[in-house]
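One chain, chain A, links the two complexes that follow: it is found with chain B in the first and with chain C in the second.
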Partner chain A sequence: MSQAFDKQFDARGMNCPMPLVNARKEIAKIERGQVLKVLATDKGSVADFQGWAKVAKNVQLVAQETETADGTCVYVHYVMRKA
Partner chain B sequence: MSTGAEVNPSVAPGIASDPARIQALEEKLRELEERLTRIEGQTADDKVSLVVFSGDLDRVLAAFIIATGAAAMGQQVSMFFTFWGLSVMKKDTKLSGKTLFQSMMALMTPGSSKSLPVSKMNYFGVGAKMLRSMMKAKNVNSLEELIALAKELGVRMIACEMSRDVLGIKESELAAGLECGGVATFLGESLKSRTSLFI
Partner chain C sequence: MAEREIWSAADLLARLEHRGKFFILDVRNREEFERVRLEGRTPLPAVNVPYFEMLELGGKDDMLDSVIAYMERELASQLPRDQPILAVCAKGDTSDYVAQGLSRLGYASATLKGGMKVWSEHYSARTVVEDADLAIYQISRPARGCLSYIVAGAGKAIVIDALRHLHPYLDLARNLDWVHSRGLEITAVIDTHGHADHISGGTALAAAAGAPYYLHPFDAIHPTDVLPATIAYNFISDGQAFPIGRHELKALHIPGHTLGLVALRLGDRYLFTGDSIFIRSVARPDLGGKAEAWAPLHARSLRRLLTLPGGITVLPGHFSTLDEADDSGRFAGTLDDLKKRNEGLQVLQREGEAGFIRYLLESLPRFNPDYLDIKRVNAGLLKPAEEDAATLELGKNVCALSQAYTATGGAS
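And then the complex of A and B:
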């Protein structure tokens, strides 16, 4: 069961605050109503993306999930651009 | 119902036939609207303001991580560099035109962000080098990368005019694009900020 998305951004290997900063840049490239999928290995990004969606009026956190690939945990965030 | 349809007698019986009450209510409404306008003027904007007083690598890193994170979250960020914090924004050191004390200060403080010490276990700069290499190993952005990123994200950077003058740091010794300002510049921002930090 996977969430639909329009653009994917790979932030694996990046550390705080780069997954957030780059996701912000990437979300500017999609249309209103579209969803950006972000892959991250930074565990803090789970709470960071929740905080971002809470504060910023133009984004909505659609879903978050954790995948395990080759023994490393990947945190997946789906963010929708609202405005 | 000769007065019109503006008041529904079934909702507010008796009001339609009482002009004095209508007038009193209108006055109350006007008063509330005025209070609302006044309160709206006092609430915080989506702003974050930081005072960077310290010239320690670890503290300055924290300041720039908060600044870039807040800017990415859609906040308007202002950073005020004062006292030891001015070292972060120095690009080179020129001794000409400085007094003896100012020259001594210039030689004993870091010449740029690259030579900032750490607040603990610096050991003549070895500690700072070690921290930088440990952060690099964990793929954390360097201070210089974070400064460039902050500029790119539109973070306002302001150098404190008074401490710059006292320490004898010329504007030409500081990085380009730095505004200058005083305490009122900071307070103008911080009073409208949701978060204000002194680092």
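And then the complex of A and C:
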């Protein structure tokens, strides 16, 4: 599966709440309509990105997927800046 | 700036047991909060605001600044000033920001160290008896309502219903300083039945201690898959004796909750009931998917237990709420006492087996489909990785009928 994105942010190894806190800062740096790809190893980030996208007016969660890299599971979130 | 504390799982348990006053600010997402909450002797006052809502709606770049802005604007009317506020999250990092924010705003605050993950894996050991020739320790996993036991005599120990993590048993056996024995040799590990609500530590503990593992053969067949267990186990049969020092544990086959359930009786003094009689309730008969066939067996088995001496102390396999514990935190009661306090036993005594069967079938809790997989794990038919094992075990057991009422929102 290949989802288009404009910028990537690597939050692997970060514990909650840092993947989301930092992704929120990164999304402020991209243009409207662009997509940020976030890589995280924190499993809780899956539900948290879904919940965040519901309350944040300027973001849309486009897709989520998992990848396995070197035996560890990576949770990938694609977030679009709406406004 | 107000005081900010860090509470370990043991600190939290002590406060829950002693009815310490505090307010919970749980910042996990709403689904997790609904699924598993902190529970005390009485319902705990709590509010749930997911941290990502505080972050987004607080509107600052920085986590701490956002949390402070959000709480000041949206939560001030809900947060009490006369008691500490415990911030709770999944793993204990996010709650630390929240506690810092609370403290900046002048609230007495605390954070739960390690979050709900560490709490769910916390164990607590209590002494039931420590005589010259007999010691019994009740080892509980408070977040899950699971109870297990070490029975010791003459330097030897039998472990009953060992839970998934082995350190509570191995540490206690290694370090115990009791009468003339320093340390205990584990000589047998017994599961009273094939558990559905939690992953057993039985076979792993037996292997670590070099001791045999015992299970009734009827529970070595998965009830819905109808496949035999692949774990190594020794048969238990009705009447079988397990010597321990000058005493012995005698198995009583009491099918009902499972087909192979056994209670273990230590003379006229102690009865390890597994999942049959709990303190305030009785076990459910439906976890094998055959409630109508198993309920009559359950009724007959409990009748058999009711004929035992009234002074015998019941040591159950679960508790439903912390309030079932006595003042020292132990979950135990004499059979005579339970005949008066236990709802299921009262129905059985008052209405006989037919009435009791009706009562059982009318009050069945929701069936948790994870229970089928947990039984597969315990039979060796499924081997999960650590994270999956922890996920399977989320939340509290629902092996007792008493939770049927809470689960369906009725009276409890």
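The working rule: the second predicted complex is superposed on the first by the 83 of 83 C-alpha atoms of A that agree within 3 Å, B and C clash if a C-alpha of one lies under 4 Å from a C-alpha of the other, contacts with A are read in each partner's own complex, and residues count from 1 in each chain.
As a convention for this text, a residue touches a chain if its C-beta (ideal position, glycine included) is under 8 Å from a C-beta of that chain, and two chains touch if they have at least 3 such contacts.
Quick caveat, the model's predicted, so the values are computed rather than measured.
**Q** Tell me the contact category for A:G13 with respect to chain B and chain C: first, second, both or neither.
**A** In the superposition, A:G13 contacts chain B only.
**Q** For A:W52, decide between first (touching chain B), second (touching chain C), both and neither.
**A** both
**Q** Check the residue A:K82 against both partner chains and state whether it touches chain B (first), chain C (second), both, or neither.
**A** Neither partner.
**Q** In the overlaid three-chain picture, which partner chain does A:G44 touch, first (chain B) or second (chain C), both, or neither?
**A** A:G44 sits against chain C, while chain B stays out of touch.
**Q** Looking at A:K29, would you say it contacts chain B, chain C, both, or neither? Reply first, second, both or neither.
**A** It touches nothing on chain B or chain C.
**Q** Take the contacts of chain A with chain B and those with chain C, and give the residues found in both.
**A** 15-17, 20-21, 24, 48, 51-52, 55-56
**Q** Give the list of chain C residues in touch with chain A in this complex.
**A** On the chain C side, the touching residues are 29-32, 50-53, 55-57, 61, 63, 89-91, 93-94, 97, 387.
**Q** Once bound in the complex, which stretches of chain A touch chain B?
**A** The contact residues of chain A facing chain B are 13-18, 20-21, 23-24, 48, 51-52, 55-58.
**Q** Quick check: in the complex, which residue numbers of chain A touch chain C?
**A** 15-17, 20-21, 24-25, 28, 43-44, 47-48, 51-52, 55-56
**Q** Using the touch rule from the top, collect the residues of chain B that touch chain A in their complex.
**A** Result: residues 46, 65, 68-69, 71-75, 138-141, 149, 153 of chain B touch chain A.
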